[in-house]
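The structure that follows is given in the form of structure tokens.
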Amino acid sequence: MPVITIAMRTGRTLGQKRELVAKVTEAFVGTCGGDADGVWIDILEIPAEHWGIGGRLQSDLLAGAGPATPDE
Amino acid sequence: MPVITIAMRTGRTLGQKRELVAKVTEAFVGTCGGDADGVWIDILEIPAEHWGIGGRLQSDLLAGAGPATPDE
Amino acid sequence: MPVITIAMRTGRTLGQKRELVAKVTEAFVGTCGGDADGVWIDILEIPAEHWGIGGRLQSDLLAGAGPATPDE
Amino acid sequence: MPVITIAMRTGRTLGQKRELVAKVTEAFVGTCGGDADGVWIDILEIPAEHWGIGGRLQSDLLAGAGPATPDE
Amino acid sequence: MPVITIAMRTGRTLGQKRELVAKVTEAFVGTCGGDADGVWIDILEIPAEHWGIGGRLQSDLLAGAGPATPDE
Amino acid sequence: MPVITIAMRTGRTLGQKRELVAKVTEAFVGTCGGDADGVWIDILEIPAEHWGIGGRLQSDLLAGAGPATPDE
């Protein structure tokens, strides 16, 4: 029954997404019970220019000086 | 006032989306009242490799053996 | 596979929600195919003071003069 | 701590998004306190054919006669 | 940078939520890299009468006969 | 047409929410154009025990030692 939405920056490989879905499902079932088939995950890939942190676009933070961005 | 977000797999035609929006709006107004103009819908199209079910990517489930996926 | 999130104002009865879920599921399956069991819906009930329209809280719009609010 | 998700129609420039992120962050910190670095914003760009208003696709409303659409 | 939203049924303990947040953060960082401090999670607790599966309220499915619900 | 969802921690006053909605609407219209009436905002109030940062519940971070939390 949980629906887990992962909004993350573009750039991961298919392999990383495969592992991410497996591990997050495991994390949910292992702590909150239920059945893996009842865990749905959707990944929203969002480019850096559509993320804002501290009032700035992440793409700008990555391009130049500025506070470190949660850069993953 | 309702905002209805439909996260669904890529692959429907424009015609299906047109009908979907009409029918879902009808469903809301017919059961919860209010005015059709006050019903906003947004469709998030998500590819199969960004859906996870039972710990597996839906793209993998569709490509090979494995439990039937809510395959629409 | 679709996850349909209905963010709506508080105040509907259980019966309305029962019908809403049935009709929206029907609307999806009837236009986009797939199986009803593969349609998940979650309802987010949001009070009028947590909705904003035209820069004003809906609770304020409902309490006093002001443009008609999509009042359902 | 707030996560502010802005679901809007495609078509804005990078400059508009830059300003939007700055001003919305300012709006939050100025009214609700906290630190700008603790305000995360994500922009979901949605094409007109994936928005529904009054039971119609926004792309159809924009293409032909019909009630004015919140056309921005 | 990821924002992970976990929409789940009401009923978990604080301890389960503590572990869930720890394990999901670990799952993300372990597969997609980045820093744990850059992983934000929000939990949306949704009662059974606000979940719909196969056109029925989950609360109705739990109360009476009917197909097994992803009952966690 | 934008729908702006503000997921924030519980604890703001009605007056802060009133101002927040006004200022965020202004921020959108001022940078991206369109009409204030076409800007919908919903506020999701989420308690500290339902926020996770760096793998820990925000309520735990607020209660004891630990890295400063984006504490607003």
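Each chain gets a letter, A, B, C, D, E and F, in the order it is written, and its residues are counted from 1.
FYI, a residue touches a chain if its C-beta (ideal position, glycine included) is under 8 Å from a C-beta of that chain, and two chains touch if they have at least 3 such contacts.
Since we're looking at a predicted model, the values are computed, not measured.
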item	value
Pair in D-F, A-C or A-D that repeats A-E, with over half of contact pairs matching by residue number	D-F
Farthest chain (mean CA position) relative to chain E	D
Pair exhibiting more inter-chain C-beta contacts, C-E or D-E	C-E
Whole-Å gap separating chain B and chain E, where each centre is the average of the chain's CA atoms	20
Chain B-chain F separation of Cα centroids, rounded to whole Å	27
Residues of chain A touching at least two other chains	3-5, 7, 24, 26, 37, 39-40, 42, 44, 51, 53
Interfacial residue positions of chain F with respect to chain B in the complex	1, 3, 40, 42
Touching residues (chain side chain F, partner chain C) in the complex	4-5, 14, 17-18, 21-22, 24-26, 36-37, 39-45
Residues of chain F defined as touching chain D within the complex	1-9, 12, 16, 19-20, 23-24, 26-35, 37-39, 51, 53, 58, 69-72
Chain A residues touching chain D - in the complex, by the definition given at the top	7, 44, 46, 49-57, 60, 67
